[in-house]
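Next come two complexes built around subunit A: one with subunit B, the other with subunit C.
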Partner chain A sequence: MILKTFQKETKELLRDGRVRISVIIVLLLLGVAVWISAKQYQNINEQYEAAKIAERAIWDNQGEKNPHSAAHYGTYAFKPKYPLSLVDQGVDKFAGTSIFLEAHKRNEAQFSAAADQTGLARFGDLTPDFILLFIIPLLIILLGYNSFTKEREMGTLTLLKSQGISNWKWLLGKWLALFFPIFCLTALLFLIAGILLGNLNDFGVFNSSSLLMMFVVYVGYYIIFINIVLLISARTKKSGISLVVSLCVWIIACLAAPKAASNIAETKHPYPTRQEFAANVLKDKKEGLDGHNPWSKEAKLLEEEVLKKYGVDSLHQLPFNFDGYRMQKGEEHEAEVYFKHYNYLKNQYTQQADVYQSLAAISPYLPTRFLSMAIAHTDYATHWDFADAAEEYRIATQKFLNDNFAENSEYGNWGYRADASFWKSLPTFDYDPPELGSILSRNTSNLGILGLWLATSFGLLLFTTKTV
Partner chain B sequence: MLSYNFKYELKILLRSRWIQLLSIVLLLLFGFSALNGKQKVEKRKKDITAAHDEVKENDAMMLKLLDSVERGMEVSASRWTIPTSPMAVGNYHPRVAAMEPQPMAFMATGQADLFTHYVKPKVTGDDVALNFTEMTSPVQLLFGSFDLAFVIVYLLPLLIIAFSYNVLSSEKESGSLRLLAAQPIGIRTWVLQKLGLRFFWLSILVVGSLIVVFLVLDLNPFAQFNLFLGLLGLILVYMLFWFALAFLVNLWTGSSSKNAVALIGVWVLFVLLVPSVLNQLGNTLYPMPSRTLMINEMRSLKAEATKKQDEILDNFLRDHPEYAINDTTQFRGFYHRYMASQKIIKEELSPLVNSYEEQLQKQQEWIGLFKWISPAIITQESLNQMAGTSTGDYENFRNQVVDFAGTWREHFMPFLYNNTVFSQADYPNLPSFQFKPKTHSSSQAIPILFLVSLGLFGLGFVVSKGIKKGGILETN
Partner chain C sequence: MIITNNLTKLYGEQTALDHLNLSVKEGEIYCLLGANGAGKTTTINLLLGFIEPTSGSAFINQLNVQESQRDTKRFLAYIPENLMLYPSLTAVENLDYFSGIAGKTLSTSALKELLQEAGLQPEAFDKRISTFSKGMRQKVGIAIALAKDAKALLLDEPTSGLDPQASNEFGSLLQKLRTKGVATLMATHDLFRAKEVATHIGIMKDGQLKQQFTADDISLSELEKAYLDTVEYKELAL
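Up next is the complex of A and B:
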């Protein structure tokens, strides 16, 4: 009986012109979106490779120089694009792509793509994630809004009841008929994505289990929508009303809730402005050691301490250049200040994330969006991760340069120049994004919310359709 | 017949509680979104005031220091921050270049969450390094803001669709169409009257709830009466456009759900698809040069300039004798070489830097040409312009700041190359920034949208004449 219902519903869907047209449109859109994203991915990664090599060459060939001048001269860390961004672009457009690494200062990632685009960019992009998150749920509504109401409207409900079919079997047939085409569509998309990614020259950090996990998340998201749409269809009398109510759910879940959440999160846990942040950092920096200022109170204290430790009575007698040593200590103090202030930002964001999660109660879109971005390495956490890695590299670089300065020159010798070949010995910056396992454990709450949605929607659907 | 229709329609809308429901929904939506906008604008104002206050405080400290130095006293500040050095003033005492919000800024967030509203340009550093983006979580930028513009552009059409998708089809489905057909009125006139009345009531509700929300939130709508009228005009023609579409779809008389599907399809097309496709095409046709490659270019130029900095300085002083006209000491330090090199780097980079603005301009023009495909884009753009938060407004601010950064730099050049010290007497002459808002050419959006809507109504009349020969009473 389940199979019969499934067959009948599928046949009906196939015969319906509306369904055929909308599936073709969705497929077409998906094709275009995947094609555009793949091109963009290749383009950006080519630029990334070129920039990385060129920047390293500039660093290596700076010639004889004082190591601290080189520290001020600085270098850049560039953020690559990850393979799964082909499926979900996430916040990539809004996050900066390059970080300037210099002495005394932690810089933020600069040059986000959105800042270089017109206001139209804020409407959204034609990317696979847009189709997956917005359009396919809409397709589900279109396919399923009249699943039960049509039986009422055509008068077939009584006939059906006289068949002696139990409600849950009937429901399961209908559910499967709605699930099957959506499942095929999604599977097709992920299969194409998998083939495309498999054929890319630089495999990067792509692994098929991430893609599979993403697929599972989206299928879960669609099951929730299928349950909701069928639930509404079973509970309303007219197809028109069922459609309008389902659409309301879609609007609230996909459009209104995320925007409202972002407003509430911002008012409750605001970020400082860029200038405020810089001013706060400056204030804290002033309270500690400044590597460039040998006359400050902190510098004198450090002097005494070092002299005592080495049992000598003048800085000239130290086995290293005290200027370089002080520079390094100052650098460590500054790094701590930045650590504190960036932690404050992270803290604000963690609290914002809580707001997003509490609003996930009215929107299955939110946990799906966050999970999908996280798996694709295009979420905010990955961006933080990259920025932290760049900062760690910056601190290590400063130590590398200051140590060379301290060890190879004597106190007061600012004229010291490191060898032209010295720069090559600085290790390169390499960043590996977190593995799937750690991403999932970081997102357990989102997974939990999605699971809760699944369970609740299934429960409600079974419970209410007992009495259709 | 019109008066019958009017009475009947009002009764039906009141009894089905449509009017009551709509007023509550509209009040809630407008209220929440306007409140969000208001909070944003208040924060923006507060931030700018705080920045100005900070500069004032710093200035007081600077003047005190200058006073002490001029009187020959010992000061405890680091050597290179003492404001007798013109470069110290230029670097450690920058002015605030702020973009004050326009009176209607609360209406549309536009690009306001992406860009910063004040920067403090210094004498050193590059113009390209001036960071105009605001420190925001990118998640927030991705989701966007629940502002009045969102309610008007995205949600209002959906309310209209829910309000009008089954005007004719429900009569058909409930069987009352046969009764109607016996009345002495053309079916098109009847649908038009019915939709006209719904448009009338919805307009009243929208305008009413907007005024209520504005008054409650203390956003006086009558202070900027012209702007407010413009806003109402824009909302009304946008609504009219969607009613015109509803009219067309209603005349086509499918079942209620077919109508709803068709209208939603059109909504998805105009509000979601057309803007994103246009944006994508704009980016493909006029691609932005890569910023990462720009960094490379800038770095190599700088590396080149540092190697030749003495030569650059000599050439520079030969080209600009006016800077060092009173210099007797002939002292040349780090900053003399640095500023000269910066100038060269800036000149050589300017074609590259300008190419970004040029490409953006081209994208903008391209969109300007094709935006008429989607009334949602036109409306959003007009709202952003009214609020002073459009891409153009921020571009205007950016250009003004870059100009000001130039003025600020130039101001200290004679001090630097003449090796003169900065004194208290020079303080009042420091340049300050005054933001001049961009004046948008009066929007053609309202008349054009109005004409398009009229055209759609006309189309409905003409087309349905041909189709409806068979009679609307026949079942499909």
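Up next is the complex of A and C:
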């Protein structure tokens, strides 16, 4: 009975002109979206590779120079585009692709793709994640809204009941007929993504299990939508009403809930403005040691402390250049200030994410979106990871430079020049994004909510169809 | 094969069926006559288990309909007034599906044989139902009953809206099923068709079975008179 119903429903779907047109449109959109994403991915990675090599070459070939001048001259940490961003671009477009690393200052990531576009960018891009998150659920509605109502409207329900149909087998047949084309469509997209990614430079972070996990998450998301659409179709008497109710659910789940979540999260846990943030950082910086100012109270205290520690009367008697030492201590103070303020931002972000997760109870879109971005390494958490790694590298670089200055020159010798070959000994910036295991453990609540949606929607559907 | 014992159905204070007792044995065709609202369709719906009786019981092949809904349907076939099938599927595909959900898996040639036995023209086998007339759909309905090897057939106004030729063909099909031992209960307004195909005839009014005849014992004119007397009695009283 399950197979017969599946075959019958599939034949009906294939012979329905509206369905054929919808599927063709979605396939076309998917094709275009994947092509655009693949092109962008290749372009950005080529730019990344070129910029990384060029920037390192500039750093390596600075010639003889004072290390602190080199510290101010700075360098860049570039964020690569991760393989699965081909499927879900997440916040990449807005998060910036490189961080300028310099002395005394932690900079924000810059050169975001959105900043390079006109106001038209507000309309968004045609990307695979847009198709996966918004369009395929819409296709599910188009394919399934009349799954049960048509039986009532056509009058076939009476004949079916008189044949002694088993409700759950009938439901499973219909469910499979709706699931199968959606599964094939999604599998096709991920297969194409897998083939494309297999032929691109993967930066060592792409693995097929991540792609598979992402596929599983999306399939789970679609199963929830299939269950909801069939549930509505089973409970409503007319196809028109079923369609309208299903579309309302789509609007609430995919459009309204994420925006409402964003507004609520922003209101409950606001980020400081850029001006406030900069003023707070500056205030705290001023309360500590400024490496450039030897006459400040903090500098004098440090001087006394060091002289006492080494048992000497003059900074000239120290076995290192105190200017370099003070610079490093100043950097450490500034790094602490940045750590404190960025931690506050991170805390606000975490609390905002918690608000999002609490609202995931009204929308399966939210946990799916979070999981998808996390697995694709395009969420804010990964961006924070990258920014933190860049900051650690900046701090290490400053120490590397200040130590060279302190150890190879005498106090007051600002004319010291490090050897031209010295710059090459600075290790390169390498960032490894979190692995799948740690991403999943960080997202257990999202996985749990998605699981809860699955279980609840299946339960309700089974319960409802008992009385069709 | 089909038995009702004091079968009663109330909708609030409205009596739709009042202590109905009837029996249709194998190879019998029982026609229920009556005006609209007499309780004919309620009887069929109760036998199908679509609605629950207020009191009394119904049996199909000695199984209580309420207690063994799924089991009784194994022996039942039902053709409503307007048999609706899946318009985008062909006759063969419809028959395949409906017999499939009844647990019968048949080859395409077996399905076509059944359609032919039901009187459908071979050129219509692979045409979509959307192009079918009501008479052709009823034939597919008969084929579904044949495929199911049903022991009891419930028909609700099956010839309503059929042209005389189609109605005549339908009558012949019922006779064919009768020879196979199928017990048929048919609700109808069509006195002529009832007299022609039935072995037994009952006249209902206000949910009660007012009169019963053996078809051979009554002429068409007597049946007509009995029917009008029963049905118009109420109107005269008003």
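Note that in this section the second predicted complex is superposed on the first by the 464 of 468 C-alpha atoms of A that agree within 3 Å, B and C clash if a C-alpha of one lies under 4 Å from a C-alpha of the other, contacts with A are read in each partner's own complex, and residues count from 1 in each chain.
One rule holds for everything that comes next: a contact is a pair of C-beta atoms (placed from the backbone, for glycine too) under 8 Å apart; a residue touches a chain by one contact, two chains touch by 3 or more.
Predicted model, so just to flag it, every value in this text is computed and none were measured.
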Partner chain in contact with A:158 - subunit B first, subunit C second, else both or neither: second
Which superposed partner A:309 touches (first subunit B, second subunit C, both, neither): neither
Per-residue touch tally on subunit A - higher for subunit B or for subunit C: B
Which of subunit B and subunit C A:138 touches, first, second, both or neither: first
Touched partner set for A:383, first subunit B, second subunit C, both or neither: first
Touching partner for A:293 - first (subunit B), second (subunit C), both, neither: first
Partner chain in contact with A:15 - subunit B first, subunit C second, else both or neither: second
Footprint overlap on subunit A, where subunit B in one structure and subunit C in the other make contact: none
Of all residues in subunit C, those that touch subunit A in their complex: 48, 50, 69-70, 73-74, 76-78, 80, 82-89, 93, 96-98, 100-103, 141, 144, 148, 154
Complex interface listing, subunit B residues touching subunit A: 32, 36, 39, 43, 47, 50-51, 54, 78-79, 110-111, 114-120, 131-146, 150, 154-155, 158, 162, 165-166, 169-170, 255-258, 260-261, 264-265, 268, 271-273, 275-280, 282-284, 288, 290-293, 295-296, 299-300, 303, 307, 356, 360, 363-364, 367, 376-377, 380-381, 384, 390-391
Touching residues (chain side subunit A, partner subunit C) in the complex: 1, 4-5, 7-8, 11-12, 15-16, 154-156, 158-166, 170
Subunit B partner contacts - residues on subunit A that touch it in the complex: 18, 22, 29, 36, 47-48, 50-51, 54-55, 58, 61-63, 76, 78, 90-91, 93-98, 108, 110-126, 130, 134-135, 138, 142, 145-146, 238-240, 242-244, 247-248, 251, 255-256, 258-263, 265-267, 270-277, 279, 290, 292-293, 295-296, 345, 349, 352, 356, 379-380, 383
